[in-house]
Amino acid sequence: MANSKFEYVRHFELATTTHLLPNTHIIIRIDGRAFTRFTAAHNFTKPNDPRALHLMNACASAVLTDLGGGAISLAYGVSDEFSFLLRRECDLFDRREAKLVTTVVSIFTAHYIALWPQYFPDIPLKRPLPSFDGRAVCYPSVQNVRDYFSWRQADCHINNLYNTAFWALIQKGGMDAKEAGETLAGTFAKDKHEILFSRFGINYNNEDAMYRKGSVVYRNYGAIPESTEDEKGDEAQEGEPATSSKQPLEAMKGKSRSQQKREAKKLAKAEIVIEHVDIIKDEFWEKRPWIVHWTLGRRNEYAGTEQ
Amino acid sequence: MANSKFEYVRHFELATTTHLLPNTHIIIRIDGRAFTRFTAAHNFTKPNDPRALHLMNACASAVLTDLGGGAISLAYGVSDEFSFLLRRECDLFDRREAKLVTTVVSIFTAHYIALWPQYFPDIPLKRPLPSFDGRAVCYPSVQNVRDYFSWRQADCHINNLYNTAFWALIQKGGMDAKEAGETLAGTFAKDKHEILFSRFGINYNNEDAMYRKGSVVYRNYGAIPESTEDEKGDEAQEGEPATSSKQPLEAMKGKSRSQQKREAKKLAKAEIVIEHVDIIKDEFWEKRPWIVHWTLGRRNEYAGTEQ
Amino acid sequence: MANSKFEYVRHFELATTTHLLPNTHIIIRIDGRAFTRFTAAHNFTKPNDPRALHLMNACASAVLTDLGGGAISLAYGVSDEFSFLLRRECDLFDRREAKLVTTVVSIFTAHYIALWPQYFPDIPLKRPLPSFDGRAVCYPSVQNVRDYFSWRQADCHINNLYNTAFWALIQKGGMDAKEAGETLAGTFAKDKHEILFSRFGINYNNEDAMYRKGSVVYRNYGAIPESTEDEKGDEAQEGEPATSSKQPLEAMKGKSRSQQKREAKKLAKAEIVIEHVDIIKDEFWEKRPWIVHWTLGRRNEYAGTEQ
Amino acid sequence: MANSKFEYVRHFELATTTHLLPNTHIIIRIDGRAFTRFTAAHNFTKPNDPRALHLMNACASAVLTDLGGGAISLAYGVSDEFSFLLRRECDLFDRREAKLVTTVVSIFTAHYIALWPQYFPDIPLKRPLPSFDGRAVCYPSVQNVRDYFSWRQADCHINNLYNTAFWALIQKGGMDAKEAGETLAGTFAKDKHEILFSRFGINYNNEDAMYRKGSVVYRNYGAIPESTEDEKGDEAQEGEPATSSKQPLEAMKGKSRSQQKREAKKLAKAEIVIEHVDIIKDEFWEKRPWIVHWTLGRRNEYAGTEQ
């Protein structure tokens, strides 16, 4: 059978494949499709369903684990969305946009379905099944990346404060949705705090940090104990001090390539942690420099420093 | 909290969102990731595992059902891949590339996991879970679309004939993989037919059509019985003849917009069928003109005819 | 000097070069930059300056001549803009968008400056010099291409009728711009015709066709006399009838590749003509089928017919 | 005339217009088309024609002058190519790729033709006229930008050393091109220096810097005398020290928006200089920080610092 006379169609794909601009940070954000209907059909609790959020976090962890070589350095989730950061040096799939974004979406979706029974043992999944869409966006500077995550976490705060007050008015205040909406219309943050406290005795700041801050997922490279004799292997005799766990990036500078590879392997093996902490202020980033800075990789020669 | 000062980051996404060229046919192809390892780990039968193929087909049907408004007019699957055709008039998601391709991948993946136990009741899914990547490509002409599907079906034939002979040599001929490979090296199609028949009494043309032809999934609009009085509603008095089921497209010409909408609704409700037939020759396409030709939709005014 | 350590920067260009979708018609439109100011500074006559329009047409002809291999099959100009059509089979510069659009803009600009003294012998060019911007857009169907040119010619008509009336009111009616604008506000085409005729004795339909229809530039392939014995060369003995000048495309069908090449050479040598004719109706296109249809070229095997 | 029914074609352009990624440095490089033939036809001197290089530099200066608002901060030229740097904050033409690159190409071309007689008074331009193609590429970091220009200047050095030796062997050594090529095959830089010196008494380092280093074109903002009383206007009473000409960027920090605007205006008015200096080492960039760093502009709020 003459396949060759049809093969020209491959050219349409090759000619139009999009590669993401090198040396930019990539953020892939996925969102639940039609989750308003889905959450209603599966009896999610309001304003937050901890089972659903823990399921989302487990799926994000799976993406970090399954996607090759520690490509994703940070994930941040709130409600039915999750954002994944790939370092600027990343050359996974030769930075093909469609391949990157579909792979993240597919791994996430697979785990959402597979893990559902663990988190919702009493609620069988009904059709239409939950699914997610996604998009990849490039950000040229670390400041842009930090502002992106600040944007999502600020959004989380604004929405959760509103939703907490809204559902308190309904569930504890006996209002219907229309009344609750009118009560909150035009109020500022301090007003919502006041409504929660004075009417329902709720101190918003004591609400679960997962609801207020969202979920931050990353490999805790900094917490890895110093490399053992066994790991150091034949570089040991070079007399290099072991990597300080406090300053992993500083320790990287001036290291030999084989040492850098060893560090990369350690990072890929580092435990994945899920935290509910502030990522708007500097502290989170200053203490975890490996999240945005890393110099190892096939193309590190041109990633350069930003300045 | 001042969200506004971070919101500028949205501009990076808006400025770089890719929309697929209007008035082109869109084909989204998805492929299993690392399925060589996955199929080995889950004991797929060789050269074809009918459970796995039926599962793939069920997932493709689900995509046709779940994706809005009958957007997909044809799907063709072989092995661990499936290709989905969206008509040139399609303006789903405003033709945003990432949204289209991730949604198809996610719906497919969700069903692959959810339906797995029905097709592999004795084999629990192990991690890493199966996942799929995808890409969308535009094809400007009907000929290009037909050549694309011819390419995939010709590929199916070439691969399946080889694999059938290869595994017969191993499973029935007692060879190891190296010997089987060497036996087939440099052979033509007729040689493989001959090996199968003379050594193992296998007439390749009697092999399951699903293995030889792949799977074609579409809505059988042409088979719908003529519209009932009830459906015709207030257009009935216009004296139009009922749509002929044999020539749905011809019948569309010169119809009023409300009649066209009624036809579109019928198409969206038409039964999804799964067939294992030739899609290289003209017959398949000539008998099912609605698969590539359709004139309804928000933008049909500019889709025009190709000539 | 170590150039190699810097050469990685080439990858940024390679990774992000845009290729236009194969098998689509390409239209490159160029527009004068800041021509309101430029025409005022160089005393263009109003509402139309024939010297400027003839200069534009000469530049468009030069683009057809200078750009390789007859790539451009049609150009249409009005005011300070020109649109160039490249056939869907075109693979000039491997269809790299930036290369195509900048080359057309640059050739056009070069001739605008170089030919200026011929058309405006008494008006030296002043800085800022005239320049042009451009963009390339793909159109998948012949209908889209025809609608594009209809859009431009309809625009030409609407604008020229308005401008003719507007400047008649000023130049012959003694109005100022404000009064003329108010007189025309809300009028229909027939009203403007009436104003021109009743107040100034101008029959708009007798105005110069170049103003009313714009300028159509193309190679008059159909008008070429039949190939001479000399040109037919060694194919002569094949007994093929000479190409009919009336039906160049029909004559192409079923021809050998060497004959097709000969025809392509003839097309590339055909005289460039500049006409001011209707390109909205079918006649123009039906009589000049080679403008949108051509089947020769490296990739003609996959261009296919549209139907 | 019904224009509206054709206007849908505009959607094809709107849907596919490419915007360059925000907050990245843009470099537009233009190249002479078919200049080997063009330079031969116009008797350019070899290995370098100073008239042609000065003409190129004059055209680049014109681009800096004509393109709005000081958008281009640096241009670097060698042979028949020129590269233009637009600051990362640049939002000219809303960063539309085609508009940016065609405008630069067109302005450059217009001046090349218009200024030709000044530089080649005895050689009339022949057809085909000289023209240029172009492309725009984004670079995310200052290091990438510096490496880009280092790449071009290193290329200049390598090519010019070769060409100088090659043409000396021909023009002074009496070789033909084949002999000269064979003589230089496999030689290193020091060998070429030696050939030039020992055979022809040429000290390569005394060759014209324009040939060895290429041409650097930029606005000499740093050299501007301190703003006069008149310019300071109503900000004068704020008691701010006048901008130090030595550290323009440092002086910018912490300034009010009106002061920043004043500085931007000064930059746009600064004299354009053409130099033939090293741009690989740090010194050039350290002394002229405004070339890559600038914080004024509509979107400066999100450009941020790179670190």
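The first chain written gets the first letter, and so on, giving A, B, C and D; residue counts start at 1 in each chain.
Keep this in mind: contacts are C-beta pairs under 8 Å (C-beta built on N, C-alpha and C of every residue); 3 or more make two chains touch, one makes a residue touch a chain.
Given the structure is predicted, the values throughout are model-derived calculations rather than measurements.
More inter-chain C-beta contacts link the pair B-C than the other of B-C and A-C.
Inter-chain spacing, taken between the CA centroids of chain A and chain C, is 51 Å. Distance from the chain B centre to the chain C centre is 41 Å, each centre being the mean of its Cα atoms.
Among the residues of chain A, those in touch with two or more other chains are 5, 8-9, 12, 16, 21-23, 138-139, 144, 147, 302. Shown here, the protein chains touch in all possible pairs. Partner chain D is touched in their complex by these residues of chain A: 21-24, 88, 138-144, 147, 302-307. If you check the complex, the residues on chain D that touch chain C are 1-3, 5-10, 12-13, 16-18, 30, 33, 62, 66, 97-99, 101-103, 105-107, 109-114, 125, 127-139, 144, 147-148, 150-151, 154-155, 157-158, 189.
Against chain A, the residues of chain C that register as touching in their complex are 5, 8-9, 11-12, 15-16, 19, 21-23, 95, 299, 301-302.
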